[in-house]
Amino acid sequence: SSGGSDLQAVKSAGILRVGTEGTYSPFSFHDPRTNQLTGYDVEVAKAVADKLGVKVQYVETPWDAIFAGLTSNRFDAVVNQVTKNPERSGLYGLSSTYTWSEGVIATRADDSSITSLGALKGRKSAQSLTSNWAEVAKDAGAQVESVEGFTQAITLLKQSRVDATVNDSLAVLDYQKSTGDQGVKIAGKTGDVSEQVVATRKGSDLVAAIDKALAQLKSDGTLKKLSEKYFGSDVTVKPTA
Amino acid sequence: MSQLSMSPTPARDSLVSVSGLAKSFGDHTVLRSIDFEVAPGSVTVLIGPSGSGKTTVLRSLNALDVADAGRIRIGDVEVDFADRPVTKKQVAALRAQSGMVFQAHHLFPHLSVLENLTAGPVLAQRRDRDEAETEARQLLRLVGLAEKADAYPFQLSGGQQQRVGIARALAVRPKLMLFDEPTSALDPELVGEVLKVMKDLAAQGWTMVVVTHEIRFAQQVADQVLFLDGGVIVERGTPAEVLTHPGTERARQFLHRILDPLD
Amino acid sequence: MNEQTTQLILDSLGPLLRATVTSTIPLTIISFVLGLVVALGVALMRLSKVRVVSGIARVYISVIRGTPLLLQLFIIFYGLPALGVQFDPFPAAVIAFTLNVGGYAAEVIRSAILSVPKGQWEAASTVGMGYATTLRRVVLPQAARTAIPPLSNTLISLVKDTSLASTIQVTELLRVAQEAAAPTYQFFALYGVAAVYYWVVCLALSFGQSGLERRQNRYVAA
Amino acid sequence: MNEQTTQLILDSLGPLLRATVTSTIPLTIISFVLGLVVALGVALMRLSKVRVVSGIARVYISVIRGTPLLLQLFIIFYGLPALGVQFDPFPAAVIAFTLNVGGYAAEVIRSAILSVPKGQWEAASTVGMGYATTLRRVVLPQAARTAIPPLSNTLISLVKDTSLASTIQVTELLRVAQEAAAPTYQFFALYGVAAVYYWVVCLALSFGQSGLERRQNRYVAA
Amino acid sequence: MSQLSMSPTPARDSLVSVSGLAKSFGDHTVLRSIDFEVAPGSVTVLIGPSGSGKTTVLRSLNALDVADAGRIRIGDVEVDFADRPVTKKQVAALRAQSGMVFQAHHLFPHLSVLENLTAGPVLAQRRDRDEAETEARQLLRLVGLAEKADAYPFQLSGGQQQRVGIARALAVRPKLMLFDEPTSALDPELVGEVLKVMKDLAAQGWTMVVVTHEIRFAQQVADQVLFLDGGVIVERGTPAEVLTHPGTERARQFLHRILDPLD
């Protein structure tokens, strides 16, 4: 805990400071036309702040430094597709889940040898270490090549230096949509589901307030609307299959 | 207690008085026990083999090297080096009494000739710049370089550089002028111009201590000649005594080798 | 290169230029000038005969040169708040880069000072100058000649190192390139544009260096 | 620092040490040695009287020093495959660092060569030595004395710069720190451990430098 | 076509023959038209004011400077500098004829004395190392430094360094020895030792061209003296002719200034 009440501090300042990457499309990025920060996570954060009755202020920070920023009180919460896992639960105050996503396997369009996780065994898969999809690929027996981000993973895939990359369906779909790239396809699902949450400092009383706000956004349909705007489907509920 | 008297003292016979001066660098004893006096307006020439300690004597007089023992008095300033520690103030007071002309001139390369001369008076002695410049131009006339005031050192010949070095030392109005082999780095044709300036200064009554191998200069200009060997003054006297009729074998050999290198 | 990429690059030219002029260049210049001041102090400490003083300077230089700049930035921006000292991004970046330049340039300045012949110190002291005056009026002007080429290396490295400031929320050139690239995944193209900007800045600085060197050489024979 | 973080740091010490020894250090050494060879060639080209030759060397140096190393790594690893040339991560990193060291060290070597008095060239030619023999037996051994301190700067920078190789899949020290940090986002703590390792390597290199300098000084008066 | 004859030629009177030698640096003409001959086994002394071109004559003979016009023949090698371009091979052939001793010795500081001497024979002439070392030790005995074979240059005095420089030049077995003011950078006491070595070489029949201001050496050792001024030989003859009874006013002034710097 960071001493006093975070919620009180946010309320009295009238501002919720949100750490986000700003270079992670379609979740948190700059609109090329207006240069405004936008994206799914950005809008979710805004909606949460609205419910809390405060303004939102985004602090753009690279992923590597984003939790250092949270800990050193540069901002109050991280809204940037933070995936829930037990280690993180131990270190940070995590909200309830606001997005579910499925793992998918992306391959070259002309490669039909991989259709399921099982087929990854012994093959090369490019993974960003900061996502937990690396874990999934490794567990499936893939030879994991570490990369900085999704773009580099796709580049290696297209240069035939790896055979696949396991990632969030949302990320792959957005890539295909924004680049029109026909060289890459979704070859199969992993069957994993990951849960994205808002992170705050450990023990922060903001978690409860954010959870309440998220519940309200879910019930009044705001989250669903945002999801459909960015992904064409509702990813704010737990998938059934 | 160290003694540093800067108040006027009664007139004495000598301007410089050195006694029991000793100096070692690490284990290596360079000066053993040097005693000599310099009368005001006189020229003292120091000769001796390489490594005998000539430069160290001059540097001790100027306090560039701090002696280990002995006393040095120049004018009204006296420092007893046996009393430790010798303070910065004492060093500065002693140094201010004399001007030094180096073998390798050490002019400030980034300053013009005039700026070289005014650096001491203006930057260190805080004298008025205009006045210092006027005086500097006079000094340049004295050394025959009036028209070079705005040149940079690299634009001068070796002999001219050395003459600027002399003028720079004079510019701080020292009581005593020290010269360390001022002509030995010069082209033989240029030696004359520097020796002539020094001869003029002597004629004008400047007190000078000169290390040189120019035996002829010593013969013509010196009032006393000191022959140094192994950190000790082994002969002293008039030029005639020391140069023409040396008493020691060492001095005889040395003079012979300089005057007749081919024998 | 397809049309879309070309358009993206063209669109980015303006914003990247703005970031260069309003952020990368000021950050570089301010940090460098302050860094030189620190470096001079550290160099003089390192030359001190008092062992404790020169020891402190040694450790400072060793730590600064021995650890990644990124970490130095992180400690100042994310670490110091734990001790109750909090800086905004730009000042934090200036502090980190200043201290970094201070460590690197200290060694350059020290060796430049040592390259001035001892005779110059002695000549200055014979005409009555003290330590400070000699340093300021005699030694440093001459040391500058030796120091300019390696210092310009430090400066040129700094230009590129300022890109690390993006990690502590300073919106400089590389950050703007990343922002422009994110929606379209064209990181490669936009990094290329950024590289050209960096190169142009470095070229301009190299010309500046040549000019300075020529000026410094006016008092030595050709 | 809480218990969990302490445990994380302790657990990481072994793997980080392994990465330092098996990856960071070999990458540094191989690239540096090859880089020196490139640098010597570029330096000699830069000294050539043929304008085209010295011009090529100039452009090379300017591009290498004027653009971020990160981008040079990206171009060689992600960019060259577009031209049909593809390297594995480690070789790609070696190539990039070699070319980078080549650009920086070239200027150092050039000025060290120029610092050897012209009289040494002339004396060598009067006893009949040609260009290559003079360079190898007379000039370079003397230039080494001048070149060692700035080259050791280049080497120490290289140690830290190898951390950039993590961006092209080389599992070096920083990468292992990132991997260890990823599950818990404790980047800060693990970067700290990495920084200590970098510092130790740099310290060791500094000692090596002092030793070399002492050896070089055996033929000059104290 | 350039002429470079390396085949034996019929015996001639002179070892060296220079004619019409001219050299400019940029706009600045340093040598106008230099002609002289050097008989085998003779000593030629070049004197003249600073900047008159003495060093440039020696450097042209050794092809360190490539002349603009004129011919130089040393032994069997003749180069006509009017024929452009002068090839590297010609330069190397001419240079191999002579050994050069510099004012500032230019010993290789990172090599021992012995290695300095064997560098030329072994590294350049590809002679056998053992044989070269044996010969080098003989040369060191000749210059009186047999016991310094393993010292580094910095451990020697100036006079010793200069003597090593002479031995190094001899080590490549040149037909002709060139000396450029070999004693002017030395302590006056050390001048003698170097001049004596040179006197010995002359007595042994080495052919030498020497630039020096040591008038006494010229008087005792030279077979011919050339007085250079403004890139032209203005006087030539025996030492008695040029040094004692110079024909031109310029030479008279010059000699006067060197011999009587204080007048």
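Read from first to last, the chains carry the letters A, B, C, D and E; within each, the first residue is number 1.
Methods note: a residue touches a chain if its C-beta (ideal position, glycine included) is under 8 Å from a C-beta of that chain, and two chains touch if they have at least 3 such contacts.
This is a predicted model, so every value here is computed, not measured.
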Statement: Common contacts of chain C and chain D, by label, are A
- prompt: Which chains are in contact with both chain A and chain E?
  reply: D
Query: Using direct touches as single steps, what is the fewest number of steps from chain C over to chain E?
result: 2
Message: Taking each chain's centre as the mean of its C-alpha atoms, which one ends up farthest from the centre of chain B?
response: A
- request: Name the chain whose C-alpha centroid is farthest from the C-alpha centroid of chain E.
  value: A
Query: Higher C-beta contact count, A-D or D-E?
result: D-E
- line: Rounded to the nearest 5 degrees, the rotation mapping the CA atoms of chain B onto those of chain E is 180
Message: How many angstrom lie between the centres of chain B and chain D, each centre taken as the mean Cα position?
response: 52
- request: Find the geometric centre of each of chain B and chain C from their Cα atoms only, then give the gap between the two centres in Å, rounded to an integer.
  value: 46
- request: Determine the centre-to-centre distance between chain A and chain B, using the mean Cα coordinates as centres, and give it in whole Å.
  value: 82
Statement: chain A and chain C have mean C-alpha positions lying a whole-number Å distance apart equal to 37
Query: Tell me, which residues of chain A touch at least two other chains?
result: 64-65, 68, 71, 152, 155
Message: Quick check on chain C: which residues sit in contact with 2+ other chains?
response: 74, 78-79, 188
Field: Junction residues of chain E, two or more chains touched
entry: none
Message: Dump the list of chain pairs that touch, please.
response: A-C, A-D, B-C, B-E, C-D, D-E
- request: Spell out the part of chain D that touches chain A in their complex, as residue ranges.
  value: 4, 78, 81, 86, 166-167, 169, 171, 175, 178-179, 182-188
Task: Going by the contact rule at the top, pick out the chain D residues touching chain E in the complex.
output: 117, 119-120, 122-130, 133, 137-138, 141-142, 218-221
- prompt: Across the complex, what residues on chain B touch chain C?
  reply: 62, 64, 92, 95-96, 98-100, 102, 104, 106-110, 119-120, 123-125, 152-155, 168-169, 171-172
- request: Note which residues of chain A are touching chain D in the complex, please.
  value: 64-68, 71, 85, 87-88, 90-92, 129-130, 132, 134, 145-148, 152, 155-156, 159, 161
- prompt: Considering the complex alone, what residue numbers of chain A touch chain C?
  reply: 22-26, 29-32, 35, 59-62, 64-65, 68-69, 71-74, 150-152, 154-155, 175, 178-179
